[in-house]
Structure formats: C-alpha cells, structure tokens
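Shared chain: subunit A. Partners: subunit B in the first complex, subunit C in the second.
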Partner chain A sequence: MQGVFAQVAVLGSSGVLLCGIILLWRRGVAAYITAFAWQSTVLAALTAAVGYFGADPQLYVVAALLFGIKAVAMPRLLRRVARRFAAGREPDPYVNTATSLVVSGLLVLLAYAAARPLEAIADVPTRAGMPLAMGLMFVSLFVIISRKMAITQVIGFLMLENAIALLAVLGTYGVPLIVELGVFLDALMGFLVMQIFLYDIHDTFSTVDVDVLTRLKH
Partner chain B sequence: MLLTGLLVPWMLSAALSSVLRRSHRLAAWLTAAAGVASAASATRLWLNALRGEATVVGSGALFRVDGLSALIACCIAAVAGLAMLPGSGIEKSDAGPDGARRFRIFGSLFALAMLVAVTINNVALMWVAIEATTIVSALLIPLHRSKASIEASWKYILIGSVGIALAFAGTVLAYFDFVSLLGRRQDALNWTLLMHVAPSLHADVLRLAFVFLLVGYGTKAGLAPMHTWLPDAHSEAPAPLSAMMSGVLLAVAQYAIIRWKAVVDAAGGPAFTNQVLMALALVSIAIGALSLVRQQSYKRLLAYSSVEHSGLICLGLTFGPAGVFASLLHLLNHALAKSVSFLLAGRILARYRSADVERVSGLMRVMPGTGALFAAGLLALMGLPPFGLFVSEFLLFRAGFMSGHVVATSAALVLAGVGFVGLAGHLMQMLYGAAPDGVAKGERAWWGLAPLAVPLLAMVVMGLFLPGAVGRLLGRIVEAMSI
Partner chain C sequence: MEKPLFDVVGIAVEIGQALLALALAPALVGFIRWMKARMQNRRGAPVWQPYAELRKLFGKDILVSQNASWVFHVAPYVVFGSTVVVSLIVPILVTPLPFNAVADLFAVVYLLLLGTVFLALAGLDPGSAFGGMGSSREMTIAAISEPAIALAILSLALAAGSTNLGEIAARTIARPSSALSPGHILAFVALFIVMLAETGRLPVDNPATHLELTMIHEAMILEYSGPYLALVEWASWLKLLVFLMLAGNLFVPWGLATSLAPAALAIAFATTVAKLVVLAAAVAVLETRVAKLRLFRVPELLAVSFVLGLLAVASSFSVR
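Then we have the complex of A and B:
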C-alpha cells in the first residue's frame, strides 16, 4: 500500500511539473490556459489521492475547492480575458524556447539540491515528490520573469500557487483547514483584482504586452 | 474586549462608508472616528503590554497581543486614522466623491488587514492577512486612472503577490518541520508554540524556510533587490495611501520578519539569519541612499527614503539586543515621520499640480505652514536632531560598533550620509526661490495641519528624551524576542 502511495505521489507531482514546463515550449495563451487547467486537475486528483491513502477526509474538501476554483472557474475567466483581448501568440519572450527548456532543467536540478534537507527528515511516503514541487516553484518564477504578456505572468503566478499547494500536500498532507480556506480566499480575491488590472492595462495601453509598462523608471 | 475595540471600528467604517453613498461628510467623520477609537484601544493594549502581560483572545489563543504587536498596532491605528481625517488625509477634492468613498471602504479594510496581521497568533493566518493587504491596497493605487498609476499598481500586485507567495512556501516548510517532529496539530503554527518547540526543530530546514520567508516578506518590506515595485507604487498612489503603505505596511512586513527570525534563531542560533539579513539590509541602504541623489520627484524621494530606512531597521536587527531595541525605535519614528511627510507631499501636489522637485519652488512663501512642517518631516528623515530618528540611528550605529560589525556599520553610516546630502539638496530647492507662475499663494485649511504637527511633536519628544512608556515597552519586546 505504501509503495503504491509513493508511486502515485511521484507520478502526480511529475504530471503537475510537466504541465508547468509545457508553458515554456508552447506559444499561445490558449495553450497556456489549457496547461494550467490540466495542472490544477492533476493537483486536485493528487490531493484527493493523498486524502485517501493518508486517511484524511479534510483533503477531499481541499481537492474539491482546488478543482472548482483553479481547474474550472479560473481557466474559464482567463479564456474570457484572452478572447476579449484577442491575445493569440506570445510575442518573442526574453529567452527563446530552447534556452528556456535548458534553464527549466537546471532549475529542477537546483530544486533537488535545495530539497535535500527536507527529504532527509521526512518520513511520509510522499517525500520523493517534494523536490518536484520545489522545481515547479522555480520554473513558475522563471515563467513570470521571462514572459512579456501580462496574462502569461498571471498564469505563471497561479502555477506558483499550485506549486506551493503541491509542496504542502506532499510534505504535510496539507496545512490546517482554516489556513487552507484563508489561502483560497486570498487566491480568489487576488486573481479577481489581477483580472481587473488586466482589463485596465488593456483599456489604457491597448495591449497586454508588459514591455509598454516603462513609463516609471528610476 | 480591547481587541474588539481595535478591529471592529474598521469593519464598521468600511460597512458604513459603503452604505452611506450620499452623505460624504458624515461618512468621512465616522471613518475618522473609527481611527480614534481604534487608536485608543491600541494605546490600552500598549499599556497592558507594559505590565508584561500578553492579551490573549479567542479559542486556541487565536489572537495574541504582546509588546511587539501593540507597538505596531498603535502605529497602524494612528497612521490610518490620520489618513482618514478630513482636512489632513483623504479629501473629496483629491479623488472626487467616488474616489474618496472607495478610499474609505478599502482603506478601512486595509487598516483592518494590517491590524489582524499583527495581532493574530497563527503565522499562516498572519500570512493570509498580509496577502490581503496587498490586494486591498492595490485597488486604491489607481484612484486617479492614469497610465502611470495603472503601471504602478500592476507592478505592485504582481511583484507583491509573487513575493508573498514565496513567504507562504517558507511557512509551509516550517510547518513541515514541525509536523515531521510532533505530528499534525491544529495549533502547530501558533507563534507561541513554534517558539516553545523551536530548540528541537531542525535548524537546516528552518534556514531554508527563512530564506523563502525573508525573500517573501522582504519584498513587502521594500528590501532591495526586491524593492522595484516600491518607488512606483508609493509615488503613484494617492497621498493618504502612500502614508499608510510607507509608514506602516512596511512595518507590518518587518514585524513578520522579526517574528520568524526569533523562531529560526531559537532553533539554530542567529549567525545565519544575521548574515542574510545584513546582506539585504546593506544593499537596500545603498540603493535607497544613492537613488535619493538623482530623483526628480519628491514623492519618489520619499519612497526611496523608505527603502533606505527599511534597510536600516533590518540592519539593526542583526546587531544583538541593543540593535533590536534601536531598530524598533527606528521603526516607530519612521512610521510617524514618513506618513506625515507623505500627507504633506499630497498637499503640495494638490497646489503645485506637479510632483517634480524642479517645478516646486518658493514653498515657504506659497504654503508657509505646509512648507515648514514638510521641512521638519524631511529633516527628521535625514536623521537630524532634535527628532527621534536621530536618537534611533545613533543607538543603531552604536549597537553596530559595540557588537563588532565595524565594516557593515561604517558602510551604512557613509551611505546614510549620502542619503542626507541627497535629501537636503532637494529640500532646499523646494523651500526657497520664487514661486512659479499660476500657483496661488497663501495657506488653505490651516486646521488640517494641526493633526499633522502632532506626530512631529511626538518625534521631537522622543528626540530629546526617551519616554518611559516607550523605553520600557521596547525593553520588554527585546526580552521576549531573544530567548
């Protein structure tokens, strides 16, 4: 049973990380949104699985919230934003695709190095996935830094949140429920405010390319 | 009871401001009254903390107010109250009636979120509250919709949210350490419990967690190199919001850093946390001070001065107990000086219609009262006597030399000198000379200046001698943080 649990954990975490890396080789907002929706779905499924194997029914609630908010609601809102802006292909990012993939590989290696003290003390069967969660954190940060469209940066940020949720679920079978609810509330409000700003940027600058945001220097 | 008095007024004022659509004056005064009520409760909490008792409220010690909480809560309530006060803070003429109403609603929620952040015991819920401050304050930056303010708010919410997300990752790592050792507990993330069990936690995991926490909360505290959002957000925001963000939001982020540093230090000694904190602090002081020299906008000047002072506060935290004492005093003084300066900058901007130092001249002739107070605020920020920042900087540098950090302290001292020159040059340019054409002379709404003079007077008092109530409170905090 423990062996299956460990394998499910690693498989699920790899899936979540892979969806993040898709962002680096696909070019197009629609593909990004699909990748994010799939990532959230896999994360929700993994959370439910950890709830089942770890015998913690609270995680079913968390999994349902994850699926409802991040796999269904947010992708739908993002698609509406993308349609409204007619945002199609990403303008050339600051870093090209091949280099991006190499960088993300290095970042995952770095995550393995950084997560060594964690694996050393963990006794949960899910511990092998923790470096992957940390890898996704670094990859999401890289997406936010290297992409030019505001909407891509938002997706990168949402993936960063997923990465942290993954880390929590693997390391500690989730944070206490009251904290989890607070985090969901913040995530939802933060997303809605970011969405307002996306519309504001589009209406004022008539583009969502953050390259135009250079009025304020020094 | 006291905690209710601290938090509930802001809930009421947010609710009433959104209900009272028509009666602006009434809503304005009710919001200001909320500030007074909240500040009164904060003062009572301060007095309780002086007696050495932490006020604990709620099931499972949900809220806990000790000296550190009371100190920052007092600053928050006072500054937020000042920002809401008609005549001194938000004005209908600033942003139109709708803008002023929006400011009262979200400004109240902003104050509430900050107060919850410093009074809640659970460090993960503290994170939730601090993240909420980013969201509600970001909504207020584009109160005047302009390209610059929208750009500033985008940078603010994106960089702020990403940074704070990393702080949550750090919180999760610390929780992971706790769970691996003691199993899952609902109250595992209570700061008091964390402090209690810290000596048996794994120091290397907590160090990793601290890096994430410091980058995360450091972003909110305006520490370089994560400070890039700060000059934009603080300069583009309406003046009363800048006052709250620069004066107390930075202090809230520093509060989080102080709490976590205490936990990590209790687990593995302060050597590691001091090193990383000192590095970030010195970079911040350098970037803040050097940027002061070549700024063209007086609001950006104040913003970069915040980066510098934020760095000084963090630097003091690495200088042992005497340094922590100086840091906290610096934090209190900076909250007073910076918020008043921003509010006065708002008055200047409203008259001159330009944030350019070059286009603001003859301030002493155009607005004698505002000009004099603005000069006092800036002189205080430069660290000149008789203001409190002089004393706290002096204590800070002395603690640095006494604790053997000669190089770091000397570097900070030189950089503070550079910042001094930068600020002084710009201030002289603004105060004297001929007033530009088309700017009306004569002070308006004198009565609005009186409340702004109060914090400056308090700073003079703290510059001349350290009042017992302040000194004893800071002493108690230092004791509690260095177990």
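Then we have the complex of A and C:
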C-alpha cells in the first residue's frame, strides 16, 4: 500500500511538472492555458489521492476547490483575457526554446540537490515527489523571467502557486482547510489584480509585450 | 539449470526470430500506411503492398551514377547487414537467447547508427545536390538525438542495473510494479520521441513524400535504384520494427517467452504481433494528428526528449 502511494505521488508530481515544462516548449497562449488547466486537474487528482491514502477527508474538499477554481474558472478567465488582447503567439522569448528546455532540466536536477535535506527529514511516503514540486517552482520562476508576454508571466505565476500547493500536499498532507481557503482567495485576488494590470498595460501601450515597457512613452 | 553454451535449438530460434522480423517488417509499414490512409479518408493500398514493392525492385536493374565510388555499392549491404544483426539480438520472441551476452542497449543503438552513417556517406557519394542535403540533415538530427538516446538508455539501465536487453526485460517481468514507475514511463516517452527522429517518421521527416525541401531519408536514397533501393528500404522498415520492438518488449515485456517451450513461443508470437499492431496504430494516429516540424524546431523536440530522459534518470535515483 505504501509503495503504491509513493508511486502515485511521484507519478502525479511528474505529471504536474511536465505540464509546467510544456510552457517552455509550446508557443501559443491557448496551449499555455490548456497546459495550466491540465496541471491543475492533475494536482486536484493528486490531492484527492493523498486524501484517500492519508485518510484525510478534508483534502477531498481542497481537491474539489482546486478543480473548480484552477482547472475550470481560471482557465476560462485567462481565455477571455487572451481573446481581448488578441494574444495569439509568444514573441521570441529571451532564451530560445531548446536552451530553455535544457535549462529546465538542469533546474529540476538543482531542485533534487536542494530538496535532499527536506527529503531526509520528511518521513511521509510522498517525500519522493517533493523535489519535483520544487523543480516546478524553479521552472515557473524561469518562465516568469524568460518570457516576454505579460499573460505568459501571469500563467507562470499561477503555476508557481500550483507548485507551492503541491509541495504543501506532499510534505504535510496539506495545510489546515481554513489556511487553504485563505490561499485560494489570495491567489484569486492576485489573479484579478494582475488582470487589471494587464488591461492597464494594454490600454497604455497597446501591447502586453513587457519588452516594450522599457521604452519611454510620450 | 544445466545449459550448454551453444544450444542448437536456441540458435535456431534466434535465427528464426530474425527471419520473422525480416518477414514482418514490410507488413508493419504496410499496416501503418493503410491505417493512415483510412484515417485520412482514403482507401489506401493493401497491407501487403510493400512486399510487392520489394519484389518489383529486386527484379530491376541497378543504375549507378558515373561519379559513384565503392562506398555507394557497399552502403546498402552495410545498412541491411547491421540492421539484421540488431534484429538477431533484440528480444522479439524469447528473452534469454544464446546471443544475449552481446545484446547490449549501446550495441543496438550504435549498430543502427552505423547504418545511418553509411547511408549518409552514400548520399554524399554520387555528388548530387539532394543527396548531400539529405545527408547533412540526417547527420544533424543524428547528432542531436544522440544525447537524448544515451539518457533514455541510462534511465532504463539504472532501473534494471544493467544495459543488457535480456536483463532489463527480465527485471521488469520480475517486478511488474516498476513498469508504472515514473522513471519507466518518462523513459518510454523519451525513447519514443527519439525513435520517431531516428526512423524518419512524421514530426521530423515525412516518409510519404518526395518534396525536395522537406525530405531527409528520401533525399539520401534518391540515387539508389533496383535491388539496392530494395535493400535500403527493407532495412529502414526493419529498423522501425526493431525500435518498436525495443519500446514494446523493454517497457511492457509481458508475453515474452522465457523458455523455448512451443506453447510459450506461440503466446510470445501472438503478443508480439499485438504489441506491434498497437504501437503501429499509435504511430499512424500521431502521424495523422501532427504536422511536420520545421527543421529548426526539431532540436526543440529532441530537447524535450532529453529533458524527459533527464527527469527519468533523476526519478529512478530518488525512488530507489
């Protein structure tokens, strides 16, 4: 049973991480949003699985919320934003695709090295997935700094959020429900604020390419 | 168990297995083509069409360019021979066979690469523009798919503790749960992507066209005709079969016979054909769904495979 649990945890975490890496491989905003929706779905499923194996019914509620907010509602909002900006394809990123993929691989290796002490003190069967969650954190940070479009950066931020949620689920079987609710609210608020910012950037500069923001406007 | 070093039955089965692979390879390609045609609302040539193609080609004369040197004449035999040697050592029906001692993953991959290199040389040899272009592209892709293959192999070998093909298959049969471990699945996907690149399938090279700007494999063999062309084509089909068999029998080895009993061999034959059909169907669906990548995006695809391999290696370290 423990062995199966550990494998499910690692398999789920790899799935979540791979959805994050798709961001570096694909170019279209629509593909990013789909990847994010899938990532949230896998994360919700994994949370439910941890709830089942760890016998913690609260996690089912968290999983349902995760699915509802991050896999259904947020992708829908993101699609609306993308449509409004007519943001189809990512312009050439600061780091080209092949290099960013290799960098993401190295970041995951770095995460394995960085998470070693964490794994050593944790005694939960899910600990093998923790380096992958940390790897996703690094990869999404890399997305935020290496991509030019503001909407891609927002998706990167949301994936970072997913990574932290994943780490919490794997490391401690989730934080108390009330804290989780607060985090959801925070993420949603953060997203709404960023959406307003996006609209503002778009109104002022008539583009969401943040590369243009460094130029003076007159 | 007492076992002589050279058992006649084992070697007979070994050679039978290679002949079976040779016989099945055209049908495999014919099946993929037929299925693709069906999915694209065409009627498609029958599955046995490639056999007819081979027969036709073997009956023709060889036409050789004036500028061609001996390399051009040797290459088809090297390509065909190296691929047949590989089909002797890859587990197709039975896993511990007399030649298992040399059935190393590295040996398999680099024997196949030997054929690729000779084909590229043969493409350059007659000095035609297309041949040179095809060879240059083929070598570019081979060079960047090398690290990805090495990593995918490494992750498999790490999980089994050996690069021996029989050993890897035996380990997975012994521990069924390891077939679902993330390292295994990631390595499978990584190897599948590399396989598409190495055998010239769709996202990398389109096997169905002679469009001069996009072809890779077809450009290299443009100067070949008659029996030479038949050998080269047969070898490339056999290569596809060998790669599919590697994917099928290393990652999902159930059904593979572990003894030479006739019943086990019959089951092994049935499961082998079933696996080939499933994998070929997967290739056909993929080839219908995706468009060919621009040549400059191919390194990105192989980088995906590389990252998957890296993740597979990392996770097989951590899960242990």
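Points to keep in mind about this one:
Heads up, the rule we're going with is that the second predicted complex is superposed on the first by the 214 of 218 C-alpha atoms of A that agree within 3 Å, B and C clash if a C-alpha of one lies under 4 Å from a C-alpha of the other, contacts with A are read in each partner's own complex, and residues count from 1 in each chain.
Definition applied: contacts are C-beta pairs under 8 Å (C-beta built on N, C-alpha and C of every residue); 3 or more make two chains touch, one makes a residue touch a chain.
This one's a predicted model, so the numbers in the text were calculated from it and none came from an experiment.
In this superposed model built on subunit A, subunit B and subunit C occupy separate space and fit side by side. In the superposed three-chain model, the partner touching more residues of subunit A is B, compared with the other of subunit B and subunit C.
Residue contacts after overlaying the shared chain place A:Ile121 against subunit B, while subunit C stays out of touching range.
Here the apex is the CA centre of subunit A, and the angle it makes with the centres of subunit B and subunit C after alignment on chain A is 150°, in steps of 10.
Touch criterion met: A:Ile21 reaches subunit C, while subunit B stays clear of it. When the two complexes are overlaid on their common chain A, residue A:Ala150 makes contact with subunit B while staying clear of subunit C. In the superposition on chain A, A:Leu158 contacts neither subunit B nor subunit C. Of the two partner chains, subunit B is the only one touched by A:Leu141; subunit C is not. Using the contact criterion defined above for the overlaid structures, shared-chain residue A:Val193 touches subunit B, although it does not reach subunit C. In the superposition on chain A, no contact is made by A:Ala48 with either subunit B or subunit C. Of the two partner chains placed by the overlay, only subunit B lies in contact with A:Thr204; subunit C stays clear of it.
For the pair subunit B and subunit C, the model built by superposing on chain A gives 18 Å as the shortest CA-CA distance. In the superposition on chain A, the residues of subunit A contacted by subunit B and by subunit C do not overlap at all. Across the interface of their complex, subunit A is touched by residues 122, 124-125, 128, 131-132, 134-135, 138-139, 142, 145, 147-148, 150-155, 157-158, 161-162, 165-166, 168-169, 172-173, 175-177, 179-180, 184, 186, 188-189, 202, 204-205, 208, 231-232, 235-236, 291, 294-295, 300 of subunit B.
Within the complex formed with subunit A, the subunit C residues making contact are 177, 180-182, 185-186, 297, 299-300, 303-304, 306-308, 310-311, 314-315, 317-319.
The touching residues of subunit A, when paired with subunit C in their complex, are 3-4, 6-7, 10-11, 14, 17-18, 21, 25, 97-98, 101-102, 104-105, 108-109, 112, 119, 128, 131-132.
Per the touch definition, subunit A reaches subunit B in the complex via residues 114, 117-118, 121-124, 137, 141, 144, 150, 153-154, 157, 160-161, 163-164, 167-168, 171-173, 175-176, 178-179, 182-183, 185-186, 189-190, 193-194, 196-197, 200-201, 204-205, 210, 213, 215-216, 218.
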